[in-house]
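Okay, here's the structure, questions in a sec.
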Amino acid sequence: MTTCHELSVGEEMYRWATDLFPLNRSLTGAGNRATLAYLRQILPGLSIHEVPSGTSAFDWTVPDEWNVTDAYVMDEIGRKVIDWKRNNLHLVGYSVPFQGSVSLEELQTHLHSLPNDPDAIPYVTSYYRGNWGFCISDQDRKALSDGIYRVVIDTILAPGSLTYGELLLPGEEKQEILLSTYICHPSMANNELSGPVVTAALARWLQSLPARRFTYRIVFTPETIGAIVYLSRNLPIMKERTIAGFVVTCVGDDRCYSFMPSRRGQSLADRVARHVLKHSAPDYKAYTFLERGSDERQYCSPGVDLPVASIMRSKYNKFPEYHTSKDNMTIISPSGLQGAHDILKTCLEVLEHNYVYKATYLCEPQMSRRGLYPTLSRNNAEAWVRKMMNILAYADGTGDLITLADEIGTSAKSCIDYVGQLLEAGLIGKVDGPAMAAGQGAK
Amino acid sequence: MTTCHELSVGEEMYRWATDLFPLNRSLTGAGNRATLAYLRQILPGLSIHEVPSGTSAFDWTVPDEWNVTDAYVMDEIGRKVIDWKRNNLHLVGYSVPFQGSVSLEELQTHLHSLPNDPDAIPYVTSYYRGNWGFCISDQDRKALSDGIYRVVIDTILAPGSLTYGELLLPGEEKQEILLSTYICHPSMANNELSGPVVTAALARWLQSLPARRFTYRIVFTPETIGAIVYLSRNLPIMKERTIAGFVVTCVGDDRCYSFMPSRRGQSLADRVARHVLKHSAPDYKAYTFLERGSDERQYCSPGVDLPVASIMRSKYNKFPEYHTSKDNMTIISPSGLQGAHDILKTCLEVLEHNYVYKATYLCEPQMSRRGLYPTLSRNNAEAWVRKMMNILAYADGTGDLITLADEIGTSAKSCIDYVGQLLEAGLIGKVDGPAMAAGQGAK
Amino acid sequence: MTTCHELSVGEEMYRWATDLFPLNRSLTGAGNRATLAYLRQILPGLSIHEVPSGTSAFDWTVPDEWNVTDAYVMDEIGRKVIDWKRNNLHLVGYSVPFQGSVSLEELQTHLHSLPNDPDAIPYVTSYYRGNWGFCISDQDRKALSDGIYRVVIDTILAPGSLTYGELLLPGEEKQEILLSTYICHPSMANNELSGPVVTAALARWLQSLPARRFTYRIVFTPETIGAIVYLSRNLPIMKERTIAGFVVTCVGDDRCYSFMPSRRGQSLADRVARHVLKHSAPDYKAYTFLERGSDERQYCSPGVDLPVASIMRSKYNKFPEYHTSKDNMTIISPSGLQGAHDILKTCLEVLEHNYVYKATYLCEPQMSRRGLYPTLSRNNAEAWVRKMMNILAYADGTGDLITLADEIGTSAKSCIDYVGQLLEAGLIGKVDGPAMAAGQGAK
């Protein structure tokens, strides 16, 4: 299925992720700006927005900007026993500035480790609280000896701004498809960088198309507060126009495919995702919205109600390396990224062709007269004729292409060519509206 | 689960049933009045209504009143071989007066016994027919020797009235919840007395509440004709106001829980009952309306269409002692009564809180700012946070509390406290109407 | 179940099929006219229509008429190695006239046989193409020796007409039930003649009724082009009036029952067919519309949307003798025809009684007062009382008789007598309209 050309997309994405891995992303700060600057090299039209600290967004306020110059813990003989420069997970996210000497006992109250995964550094944040802390592997923690430790946290937590990226690709129709991914996790690969790089590859492909039916809204923003800020600025138009959307996250490893529905699970995004997964990765793991954890929490919240779902590989919270230093470049792969990319791309291709079709003739048309049907009756049953006739039989102006494909027991993707031939022969036409109306809303 | 206090409700109910057991209830008569007088001691506001014989009620007419002074069969040596004073089941219900001497052969045509249950006296009635008869155990029947028997049936069947009790407990809303139980079976415990005593305990609890959301209509009336008479006098207001109702019957033993739906099985009464049973007694036996047999036959009849279901312990017709002298105080128990009482009480508690809730903020609110959410991200998954967030995520103004609880996979009862906290924090509000509208009607 | 009289219907149908078997039916021609003339003897009012070659019908055109005088292949010593007069399947349908001498090698390009079924003559047609050909058994084909063969195809393919038969039986209501069967296969028994003879027997029975509720439209026409021509002349009135219809095909053998739904499978025809099959032949094989192959392809096409289904015995394409000389009078039987006839007749009987019924009294009526209910309570549970009471309990003016029967877990056919008694006693009435509206449309 994958061609040489397509495999190279996987490799490209993996290379981008490798470049982006060391940057110290958080809710705000220089690491986020550097990430967006890198992505803008891939996506020339990407616009970068700064939202000042203190700005209100629904129930939330944009926090102070956080930047790290240095952070370490030094023992009595001058060894840095914890050093943020070695791995930016070592510093608890949004740690306030601090310099001082503390006993091991006091230091322990600021440390986080994982006794059950002793060689992994955990990922911990402490937003909105005025704390500081360090994360280390449990084995390193146990090796700390009694004594006085010098703690240096050279961070700045001060008014600044939250940064997000946005790419709007206009289509023939005003109706929009949303791709949203987040940039706020430092140095983690499946749960985070797979999302931005797959989204960037899809955006680049969409940009390359000679024509697009739909308008695409592509968003790179910090999780939760970033999505909330973005919604607070764009909700009315998004509610009016969005027919389907996807949170792109955890799309990098090779272990499985996963699906997270919208709140009610019946939107067009849910329908196309389930349909494509059923045909491309039938053993995918279907989660319920009760196991949500990313920005569908905002996009599908009551009153926001956008039709947003997620197609993932190993889902956040469900793979052993999640939120630790082990979620690194070794657990994602070019083929893992490629697989998720291809399935999302198929979803978009199906949506682009997802019209309601209607036969233009009463009764079956005479296919033989058009060279679309063999005349010897013994050959009637051939699969391609059957499929063409099934499309015609169900093209009754009621369901969209996804429904039609489900009704005739095949994949919508595989119908695209047939539908093209039937449109060209004038045997079917497109019907306005109902499919889109049916797909709208997260409910 | 059951506290000392609550256990004593079970014991109280059992004591009431013990007191009421010997009274000779039927469609009409002194036994029914004595039963209602006893219940009025427990429920001070209970009003007692008399409906004269000959009154029309839909397709029916209130029959003559039936009272028994004495009834026996005496053998040639003056022994009372059947004596109504020993067990009022011995006399066929509504037997007409008779005095005379009959041969054993003729007597046999008036006797009822159960060859397959030889030591049980069956319960037989002959309403609307002008018959007389006796019920005895099959073993006693077989012991009768040839000879002439003196039959004395000192009954009065004459114009009088049918008696029923009614308690209306006003609530903040005009919408009503119906509890209906019957008083027409003499000396039987599960199938009958469990119903009036559980209903009385629930009514006493409702009376004790500082405030009630709904109005409660509580009815003690003979089965079939009593329910029909009651409906003929109250149907318009009941159709307008009843959002849910329960026939309380067979709620006394410890063997199982059972459920009888309304005709279409989709009313609010059905929904709350199934929901509470699923969480409190998941192995309950679900019957269909085709196995109905009590006053849901009237409440759910076409055109009446009230939303009435039944939660039972061992259902009428389905336990071996049914309609015999073996359905006595030994097969019901304080804990059996208590269990049914508690489940019905939970149904009423859930209904009192069964609003449609809607989140007041777009996107997730910032829980940490309100002390409702821990700030360290590693603790997010704690069950109580998850439950609170799930309630918020599904509080979208579409479904009532029962639906919401089903959607998030928990019991509505357990959500009541969470909902209270969220209301207090101003994070959700109540939406008017839809849940009630949805619940109306037996269809 | 089958009475002597009814068995004789099976025998009659078998005799008719025997008479019709040798006629050389095709899309057009003398064999079709002879078939219709025979059927008119059974159905006096049958009108026979001729539609000229060249007439347009939706995307199609009525072809030239095809008649065969003689057709054979003769070897060098004057033996007719293939002779249409022995079996009219030998000649490919619509073969153009030809006379000439050909080598075996050239002859082979015009021969059709079945290597996997070496003693069967296949059935092949070549409509709309200007070909000629012969069908023989594979064993006979292999026996042909090298040499020159004399081919004589004495056919006439020239402007004429397409012939169909139509019988309209008026009813009390304008709403119509369609029975459609096809006459275009020469000398095949299950897949074809079973259809016309079962249809003729049903039509004769409908004609014999003292009164019919519905109007019946009964059509005998060539498959595909005949159905399309018929629709092109009658569609508006059929769309307006047809509440249910059946394509009668493959109704002659004893092996199984089969069901082919309409396109959406939810029409009244589908409902009554599935209901009757569930009670009469519960192990029937349910096909989907994706396995369609007869005139439901036209009746259920988009825009035509008639509520047409098929009840069959062994379905076309699914029995080994299909479209070969082995589909002859030995694979159908009087009992096979009778069984299909009886099930279709039951469908029509149920439809004639398929009103929406509604109870006329609130609450249960007093059955004992009307002699419809025993007074001794111990006998209440008897099956007939329960069924009568169930019909009353569900006669709420919402569903038709089929729905009501499904709700109470019994067959609609078995309810017809009960419903008659309840109508007579004035306990239920008929409600106008909804059931019919619900049944309309193939969707």
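Per-chain residue numbering starts at 1, and chain names A, B and C are given in the order in which the chains are listed.
We adopt the following convention: contacts are C-beta pairs under 8 Å (C-beta built on N, C-alpha and C of every residue); 3 or more make two chains touch, one makes a residue touch a chain.
Note that the structure is predicted; figures quoted are calculated from it, not measured.
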Is the way these chains touch best called a line, a ring, a star, complete, or other?
complete
Angle of rotation relating subunit A to subunit B [CA atoms, steps of 5 degrees]:
120
Interface sides of subunit B and subunit C: same vs different residues, half threshold
different
Roughly how many whole angstrom separate the Cα centroids of subunit B and subunit C?
55
Per the touch rule above, subunit A residues touching subunit B in the complex are 57-60, 112, 122, 124-129, 131, 224, 227-228, 231-232, 235, 263, 289-290, 292, 297-298, 300-305, 317, 323, 443
Using the touch rule from the top, collect the residues of subunit B that touch subunit A in their complex.
358-359, 361-366, 368-369, 375-378, 381, 389-390, 392-398, 408-409
